[in-house]
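Worksheet for the structure shown next.
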Amino acid sequence: MTAVQAGPVLGEPVLEVSKLCIDYGLPEDGGVRAVTDVTFTLRRGEVLGLAGESGSGKSTLAYAIPRLLRAPGVITGGDVIFHQRPVGGGPSQAVDMLTADAETLANIRWVDLSMVFQSAMHALNPVARIEGQLTDVLRRHRPGWSPAQRKERAVELLQMVGISADRLRAFPHELSGGMRQRVMIAMALALEPALVIMDEPTTALDVVTQREIIEELMELRERLGFAVIFITHDLSLLLELADTIAIMYAGRLVEMATATELVRAPRHPYSQGLLNSFPALHGAKKRMVGIPGAPPSLRAMPAGCKFHPRCVHAGESCLSVEPRLARPNGSFSARTVACTLQDGSRPTPAELALPDPAETAPSRFRTPAAAVPAPSDPNQNLTVGDLS
Amino acid sequence: MTDSVTPPAGTAPTVVHGPKREGTPALEARGLTKHFPVGRGKVVHAVEEISIALPEATVTAVVGESGSGKSTLARLLTGLIKPTSGELLLDGKPVGTSAKALRAYTSDVHLVLQDPFSSLNSAHSVGYHIERPLKLHSDVRGAELDAKVVELLDRVSLSPGAEFAAKYPHELSGGQRQRVAIARGLAVRPRVLLADEPVSMLDVSIRLGVLNLFDGLREDERLAILYVTHDIASARYLADTIVVMYAGQVVESGPAEQITDAPQHPYTQLLLSAAPDPARDQAPELRGSGSPPSLVNPPSGCRFHPRCPFAMAVCKEQAPPSLPVGTDQVAACWLHSPEHKAEADAVSAQI
Amino acid sequence: MPLLIRRIGFYLIAAYAAITLDFFIPRMLPGNALSAILTQMRGVVTPAQLASMAAEYGADDKQSLLSQYFTYVGHTLSGNFGLSLSHQETPVSTVLGGDLPWTIGLIGSATVVAFLLGTLIGIMAGWRRGGLLDAIVPVSTFFQAIPYFVLGLLLLIIFGSDLAWFPIGGGYDTTNRYVTYVQGWNWPYMSSVLQHLVLPGTTVVLASIAGWIVGMRNMMITTMDEDYVLVAAAKGLSRFRVIGIAARNAILPTISNFTLSISLVVTGAVLVEVVFDYPGIGNEMFNAITAADYPLLQGILLVVTFAVLIANFLADLAYVVLDPRSRREA
Amino acid sequence: MTSTLPTETMTGGSPATPAAPARRRRRHYPIKVQVGAGITLFFILIAIFGPELAPHSAAWVANTTNGTPQPPSGSNWLGTDNTQHDLYSALLLGARSTLLISFVAGAFATVLSVAMGVTSGYVGGVTDEVMSIITNIFLALPGLLILMVILKPLPPGDQNNSLVIGFVVALSSWAYGARALRAQTLTLRDQDYVVSARVIGERKRRIVIYEILPNLLPIVAASFIFTVIYGMGVYVALCYLGVVSPASGSWGTLLQTAQASGAIEANQWWWYLPPALCIALVGIGLALLNFGIDEIINPRIRSSRSKRRDVKFQLGLTPVVRPATSTVVEGEQL
């Protein structure tokens, strides 16, 4: 295998999405808008967490970027630029994903941009052996390789995710849920892409398996330097692994900040409500309230700020004016939020005006200490030895 | 962390899990066992010898991974499936096996299921769903019945109740459906509410609303609630007592905060270290790997031993008894047995 | 292979049920009808044969029903279906031996064509939903809603009598007095056979193809909603590979639904033979009914049932080969 | 005819698209269903009022000594047959027995298939095993051929009894519906709402009738229509073969006499074409109805039509439509 470049070149963008709009159904056929004016930039090696509830448009957005959204999904506006590294090296080339033809897309897919789906059970072809499903992508994108080379690579990939080579001949139904998801991850990394989009990759798994796979995934990311768009409704998990978190509500980005900023000092009432929806594992028990009401239906969107019917801070202007994503008033960080409480027009409630954390350290997976197993923290993990 | 314990030598007394309260528990299960035949003489050992007591006005959380038998336990408690062995006691009285006794039992014990999208029949209105248990188990009829339906809907915060009663399930959101399912359970003033993952399919922001509803019912209706979940953080939030299940058996139980703050069984520790925790800033160290065993051929001895980093010789051979490890806390683990203390210390020191 | 063993068990039960049903059918007839049949045969067969036939139908009381039954099962299993009354007492097995190749040729070729063509059209229609091919689907269903023989009649009227493009009946040309065919693998004979096969074959294909098309189309649409098909597209695989992966999975339920269709196709085709006066089993059956030739009828019923069961078994085999999940231990 | 029946593989639509918009309830039935219902209703009316509409009775004979069938004319709209009976009247008269037997057969078969399928699926266990084997045997047996053997020797009284004929025809067709209903019942039985009904103490019979049956109705309707089509095919075939000869005549009888008198060779189209077309039309009308029901059962198979013909939805190539410039970007077509 070719050697991986030494570490990700942070700062260089790999994906630029601007003002992306996505509908279900054509406008002429009475389609509904599912994603509105989403703008963000993803840099090489960055882990972007996309959090939101069902119907918030997070999956729609993720599938539309590689233009894999199913009918009746339609992209109705905006731009998606993917910065493709040429095979032989050299400066990256900007590819407009929305004007690209089928062949251009086919050549970007999996080579530069791959995906991991929520349910590996459904994402693996039930009637084909693991080997065939790992090598078909090599046969397509590495035409010069011999069958022996492809097989060798398939073995290497399986071993990378901790599966023994003898499972190559297995069918998907012969593997456990965790193993199937590992196969999917191995498959996604087969061509060492620059970006992996992960749609709730661990939601269907048990918590122990989920943890094992997340740890493995982040270790691989550290080693191979790919960027990740990680979609989940589980904000508490995202806070542990993402560099940047984008919170979606009703098809819009309502807040985007580093994981540390978001968990320590949320700016949007919805972000704060979400954070307060996860009971803590430790510390004093306190009564929590979640967020009243339910997310709006796509067909009956409220006017103004889409969150106002559920927002305790909603004011007069929220009913009619839709806030734009902007840097919060008085913040020096690169974070953005879409809320009139943060643009200086209204007083900001204290709980939404906590100071930005001083150290905007990337997620713990980025610290060198995470690469080697950390010594256990006695407060976190009680060992049996402590008991007697 | 705890004082050394003195389990009675040689005997393995039946340990009854669940919140410790004075008086007779609303529902008690003794030695419940369920083996499902799967053909060719094989059986799935889904639930083994579980004794659990649910006193009124308490919440007991049953936590475990998929396939741990927690849902089967909940269904055994409804009387919906017959246990292979063991018995149920309602207010201290054994539940009869006659059709009449079982029908009476169904008015006292209700089950709320996981999927709010399939737990209501799309062919019937919300009102119908709530009327049925009333018609089956009470003499309320006519205008009184309608008033009762409205009152029940209001009680689960579906107001105005009359309006909701006329709606059909497809017009409701997931959280609202789950409230209808709970209202139906409350219709005939049950003693016990069994909730099988009642919030796992709901949106994150509305889960707490439903959990808080359970919390309120515990006090207001003096209900004995069994909360089955895979989410140990929500179990800690809602429950008085947490019961941890693994491969059909209870491995640890005790007061909720004690379990999450001072887990004594290696499996509970594994579960806790794997759970997402935003407060954590270091990678958790997972002790133990692999996946749950087949319940057709469960491992010998302690069923957790193939995954357990502390496994000793005895763990492979003998199933551990439930040993007291703290105030009202028990763990089924040989590490806590005085006879194996020396070996346990040695194993722990290595890790 | 628990699936296959279960299925073989089922076929044995079904075959046994068919044999037993066959035994009881003549006995279920109202008494008068039975004696009427025997009376009708009096001139045709010798008294000894008549006695044995009466015994076989239970019209004489010398044998118990049970021993009659065992005699009958023994005869059937050894391929002895008795003598055909309408064919100068030729053994039924000989009569059927002459008819079978025609029927197998007709149904076999029509089924293969309908399956291949229908599946292909179904795949394309499902892939391009709302496309041109998808518009064919309702049209094909019309043919399916018309009884086989009515469709045959319509084709016969249009292409046989009206346009006279094809012969209107028979298995090969018997009217041409200048040519005498030597039956066998020679071109003049075979071309005449093929010419006579076109209309009945087309009828069976048209009537049965919609089942394959619609079944395959709907399964394609369902399968294309599966993540693994999207994964194939996301991998950058060629469109034909993606279609191939979807089709490979979509065809499995189609094959397992074969059972539903095959006995309909066979009975339908049997009627088509009557319309086209085709020298196969179906026409033989029609004649046997007219002549009240019960031994022949019984033989035909058994042969057709067994053929359907064998076809089903072949479909099961194909399924087991194609779906690895069916090979799993229970 | 595999697909006129919903099969087990088509059960249940999963909420696959995470953010799929809520489907609007259709107020208008699809055009297919409207046309299908129209055709079917038309022929049902003919079956009911046919004898009143017919210009001549069955016994009427044209006042001619000519032995050859007469082509259509002002006095005999569809001409006459070789015995100079009016074919237009015969067509109207034949509608009744043809449709009556089809619908009687459909009704009997539906009752049988619901009883067998739902019982088998809900009760499960050995009952299910035995019932499934019986169902599968009925599927594998060539029903029509057995019917021919059974019906041929029936006395004329029974041959004209539409209940007897309908029931016997139903015996050969119920198994298709039973199989589909069993599969769907198996799915519904494990639905949470059925479990909930058991938890509150509902009795078995009430669960089957009130909780399961309402959700099976589309499949019951589809299987009813299927058996009506099948029943008509079988009945017409039996008449055509002369196995059954109803006194009142049927469309199959018309075909049988036409065939027997060499009408096809003589190209006397007015004799055999009208009944053949009527049979085909009824079949098509019912098939259209079934199409609509199929799409209700499984909305995914609906062939959606967009107002924009220039936008193609294709797997793995999400279309881009910018309303401002209205330019459509897409890949090449297949």
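Chains: A, B, C and D, in written order; residue numbering restarts at 1 for each.
The criterion applied here is as follows: a residue touches a chain if its C-beta (ideal position, glycine included) is under 8 Å from a C-beta of that chain, and two chains touch if they have at least 3 such contacts.
Chain identities (UniProt): B = ABC transporter ATP-binding protein; C, D = ABC transporter permease.
This is a predicted model, so every value here is computed, not measured.
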>> Suppose every chain is reduced to the average of its Cα atoms; which one is closest to the average of all protein Cα atoms?
In response: D
>> If I average the CA coordinates per chain, which chain comes out farthest from subunit A?
In response: C
> Which whole number of Å gives the spacing of the CA centres of subunit A and subunit C?
Replying inline: 56
>> From the mean C-alpha coordinate of subunit A to that of subunit D, what's the distance rounded to whole Å?
In response: 51
> For subunit A and subunit B, what's the span in angstrom between their mean Cα positions?
Replying inline: 33
> Residues of subunit A that touch two or more other chains: which are they?
Replying inline: 54, 68, 70-71, 102, 105
> Of all the residues in subunit C, which ones touch at least 2 other chains?
Replying inline: 129, 225, 230, 233-234, 239
> subunit D: which residues touch two or more other chains?
Replying inline: 304, 306, 313, 315-316
> Along subunit C, where are the residues that touch subunit D in the complex?
Replying inline: 10, 13-14, 17-18, 21, 25, 28-30, 32-33, 36-37, 127-130, 134, 137-138, 141-142, 144-151, 153-154, 156-157, 160-162, 168, 208, 210-212, 214-215, 217-219, 221-222, 224-225, 229-230, 233-234, 239, 242, 253-254, 256-257, 259-261, 263-264, 266-267, 270-271, 274-275, 285-286, 289-290, 292, 297, 300-301, 304-305, 308-309, 312
>> Under the stated contact criterion, what part of subunit B meets subunit D in this complex?
In response: 78, 80, 102-103, 106-107, 109-111, 113-115, 117-124, 132-133, 136-137, 181, 184, 187
> Residues of subunit C touching subunit A in their complex?
Replying inline: 129, 225-228, 230-239, 241, 245, 248-249, 252, 322-325, 328
>> For the complex, give me every residue of subunit A touching subunit C.
In response: 66, 68, 70-71, 102, 105-111, 114-115, 117-119, 122-128, 136-137, 140-141, 171, 173-174
> Taking the complex as given, what residues does subunit D use to touch subunit A?
Replying inline: 17-22, 304, 306-308, 311, 313, 315-324, 329, 331-332
